[in-house]
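One structure coming up, written as structure tokens, with questions to follow.
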């Protein structure tokens, strides 16, 4: 039997960018069928509701709702629609979503809040399509290498596995901080881990700069300078994350966790080595 | 009136990763409503058809079908379903899609084939979720900086504009090669352009290595080594593309094309400068 | 007449490391005599008092007291001893010193608090003499290139000049944040400024990691990992600051402010150009 | 009982910049009290004498006199004043100090001459406070990573230990060349050692350029170009030294020698490992 | 007895640049005498013939003819002259030489065709002496680090050894592709090998760009841009090759194959280790 | 009429590696015919004499004798044979050749001594064919970018031109130091020039390390470490030279001096610009 998972994407966050592909990175899983529905950059209530209804037509057994700031009305509406259909729902969001965590738990949602998934520098004088793409690539690189995306994948796979096996489902409720992320990355070299933590923290602090530039500073010369600084900070975090991975390569110690066809997760450390069940 | 555009995503290509967000990079456009429907990594006929039907419920005025290798049955089915509904359809795909270009034109589809959007190294001994993410970030970085994604955005905006104005719609039929991409990037420094062309060509040639490793070489030690080499090649292309952009920054000459609220495209060259209509 | 300035150094902060030399970078000023007295790494009350008394013997006309965390008893004692002698006193300290700013103002002290001058990762499993040196070089590099040290020099020179001329002395009371620092750096290229701001913010946030690792986390494996991460973060900030300066070099636009023999500050932008009075 | 050590600093050399902190890098030593007295950038006889007298009031058991060019009258006067008080005196200086080595030995002084501690490019058209700081950071980085500063610390600790124990004191008389420095750095990877030696030699040769530019060349365009070249050379040496340390990190083999509270020197090689007495 | 080998060099290819020195890298071999004759950049029939006759006066026992494009009349004439003298002849050339491989074999020549030895961007608007030198350094760096030059040396040494021992001589007939090259490089770290393969493939594809720019594109602005791009691509390949070697250094695992005085090839892996016969 | 120039190459120096190609970088000169004769790595008297006689058969109008250390008997014999034939002779050599300069002048030879063309680390434990190649690429890169090779080309072209025109021939007698080299490089950005000077000086000082390691130090562990350090120093010099050129690229200001078909030297600064006669 094939498990049906639905992704409901509102707006753009690094944690969601390639999430559906991470569950089936070589399109070889025979136990999984995936649907994604989204409304692009907008995350209004109207779009959220329509998108949610569309996703339900697919009859998913698990829904992952991704959005920036899970406290906004749009994401809220989306998850309520899904919940009303009785489907286990996992919310993936960024730091402002932390404020919703208690409410989410009370309402039975799972959540994974990724602290380093910082807000983009959304000012017209600065942000054009290309700059938007580059920022998202940088933040996603940080999330991938530091282990945050590993953690997301592992947790979603865990829930899928439980539902498949008819076990009781415990939805994850995690705020991904630097230490939780790094643990999921399974670094071999501790300096690689240090660089990854540093990248994670730097990425996390980008939001301080972009939020100030987008919502506090009014003079356009100042906020343009600041959003640009925020993106430089994220670019530097991405480069540091890259250094971490290169350090692992230099010792032939990159940890890999490919999926097997049945959805189980294998593991390997040396490049020229067959992956094995743990 | 708001224009409705639908993205039908089958599988993962760099050109499609952030495409819907590029049309509305700050979520401020009042003239556009976007829907995205996808089936994750899989691109079988069944998924394609269901996804296409779901997208039609949104009643889009333009549909963009993205997939690797547009000659495959899944992508073909998807666009046929959309076409049967009488909706203008643009196919976005990678180099193997070139083989379908004549057929696409005859059937009235537009297409944008992005040569440098090379295939990933999809071997289980190598490709895990993290490696998959990193490759896609690298290829998308190359496509973004070299101008290929600019070209995509400009062309889609052009079609939207024509339909909005009730003009005759000419769907683009473009194979994006190094020179077409670079032109859309509007580099100021010619060495930046040289680096970008070099990055584009390097990225384009990654497919030679990954295709050989995925479909020709049978010994697992050899193909594992080769897919890894293909990803190193893409990583290096991404770094070279990054050098190109840094060169432009060093002269304060990064060209930016933010959208205005009405969907028109502004332009600017200096960082501390207001964007203007061209 | 020669102006006599005294530096009282308690403990080690990046802002103080080369401060006395910044006032007379080529040892050519004929209007200035400098004395420095310090107690090394310790900043206890006893050392502070003795050191302060020793400095007074020099009969300075202005005293600069540098220390981490200006709220500690040692630094407090030192400045009280100096104040009791009726000498204008400027406190230079790091972020924890902000808590003392109101008190300092009420008591008539000037102060310059440098936000990015973050605490070192002082754990025995990690910090040896070499690591201590390297961290201080990194933080000082950030402070130098981002303009924070320029601001310190300019302000101290301003006070000296006022006292020399018998004008009323307004001691500076400044919390150096990213924008104040960058302004003092006079960058020509705005992306250089963006990189510098990013470096400053990254450096500022190092303290969050090192403070947690030094005072909150108890397990030695965890805090060792975290202090190491804090230092990687500072190293990356220093490299980004260095990129900012290299960007200025690439346009032959490094701003230089050498002192003239009489203590006035000259200015120049091109490398092969004579400095001039502004 | 607490040992009292005094540092008498005349002018600025990389070897002296953080020397007092290297003896007590976490401010935890209970066996040591430190005093530093200096006169800033100037090293005239008058300043030297006054500073020396001030330091004697502290009643140090060992005095370290640091200065560029130990043959100059200022440094000479300083050490004579200290010697007249019967206190063991160690001279720390740069290459021009080699000429004084025989005389220093005959007069009973210890000395450590650090060859790579090259002269700065002290020309007004080039050297402003910021450039001065950056050069000193670069040279100190080279000295730290290549082991020269380790050697200084070890030797001073050795003398302190001997005096504390009432043993006969043998003051060090060492010209720190590339091989003596590298030995003190205890590199694990021989290519790291090669890079460090290369950095040391490059740093040492900077003086040839800066001395020529400061004392031989008269045309300002030429000497401005040359002092700038000297600083680029030092910057490159610092980057190479940094590569050496990164190489050690990539094998998790950075050697660390933290002080224990009683002043003894511990050792460790892996990051996540407790330091131990050798 | 001393073996006499002659190199006949027509035009410039990276494979030939230092080839004669690779056989006797420290000028200590007592079993070998080398002569090189060439005609500089030109490779016309007239020069080729004269140069060949000159080389025969040396009475070599083996001749290596190096040139771009071994199908051209000049290189053809040169090898015919040598063959007529009954001397075993090895042709070393670049990819266009592949077309001659069958003919070469039939005529009894050995050949080594190095795929990555790509054509330079020979357009007057771009290629001056300095640019020509830099391209050749980059391509030779790729060939050296990826193992292609190792393979050349090993094969020539093998032929020399056979002739010296009076054994039957089998001239090599090899098209050096990425996997043959990398095998000869004996990498220890598989990621180093991946980077080297990536560098080799990138270098090989440079010819696509330079050939198009030199022979297909007619507009000077376009071909100038393209030859520049080709050189950037080669520079990036060289940097990636350099990364591969640095990776090996970081594990102290650079494989070295120095010649012994009698011409035999030794081997070693650690830097501080004596080379040994295999 | 075509001018005939002969290159007599003894041993390997960076200045000679591509010298004959620099005179005719695109093989398009109609006024020049080149012959090169060499004896590989060896530079004994016997080889030198034979090679010289062979070159004379070509009847060159100018001979360039290249070798390390022009004071050795082999190079001396070679130039005497050429001189006896009445042909103007230019000696190109490295720093040890400086000792022969007076004698060379008295005997009517021209000479160009390139200071930065430092000796290789010729120890069997370290130097294998690959390492030999890489060192030569690094030193040649330094010589190319810093302008030393420009100077060689310009001077040889000047002599050719004079002989072609029947003018009196003044052979160059130049010791290429840092300032002469940089002048020939025509840098636009003064920081690029600073980096180039720094690279030149670093390269020049490599010989101090390699000479010590090859001729002074006897313990194999020590000299192996030192020759490796010498090569790291040269590698770093090459990277710094590369930075200099990249700086010029970042301002689109690389100066190019392509030859015209008649051998005259053109000039240009912008990439997309036609070269012109000066």
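Labels A, B, C, D, E and F are assigned to the chains in the order they are written; within every chain, residues are numbered from 1.
Rule of thumb we're sticking to: contacts are C-beta pairs under 8 Å (C-beta built on N, C-alpha and C of every residue); 3 or more make two chains touch, one makes a residue touch a chain.
As the structure is a computational prediction, the values presented were derived from the model and not from experiment.
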(message) Give me the set of chains touching chain C intersected with the set touching chain F.
(response) B, D
(message) Quick check on the contact network: minimum steps from chain B to chain E?
(response) 1
(request) Note the rotational component of the Cα superposition from chain C to chain D, reported as an angle of 0 to 180 degrees in steps of 5. (result) 180
(message) Based on mean C-alpha positions, I'd like to know which chain lies farthest from chain A.
(response) F
(request) Same or different, please, for the chain B to chain C contact, judged on whether over half of the interface numbers appear on both copies. (result) different
(request) From the options B-E, B-C or D-F, choose the one that repeats interface C-F, i.e. more than half of its residue-numbered contact pairs are shared. (result) B-C
(request) Using mean C-alpha positions as chain centres, tell me how far chain B is from chain D in Å, no decimals. (result) 57
(message) Roughly how far is chain A from chain D, centre to centre by C-alpha average, rounded to an integer in Å?
(response) 49
(message) Can you compute the centre-to-centre distance for chain A and chain C, using the mean CA position of each chain? Integer Å is fine.
(response) 40
(message) Quick check: what residues of chain A touch more than one other chain, meaning two or more?
(response) 190-191, 194, 225, 228, 250-251, 271-272
(message) On the basis of the stated criterion, which chains touch which? Give every pair.
(response) A-B, A-C, A-D, A-E, B-C, B-E, B-F, C-D, C-F, D-E, D-F, E-F
(request) Can you check the complex and tell me which residues of chain E touch chain D? (result) 249-252, 254, 270-272
(request) Can you check the complex and tell me which residues of chain C touch chain A? (result) 178-179, 190-191, 193-195, 197-199, 201-202, 205, 208-209, 222, 225-226, 228-233, 236-237, 239-240
(request) Sort out for me which residues of chain F touch chain E in the complex. (result) 7, 9, 11-12, 17-18, 20-28, 33-43, 47, 50-51, 54, 57-58, 122-134, 136-137, 140-141, 144-145, 149-150, 153, 220-221, 224-225, 228, 245, 256-260, 266, 268, 271-275
(message) Touching residues of chain E toward chain A in the complex: what are they?
(response) 189-191, 194, 247, 250-251
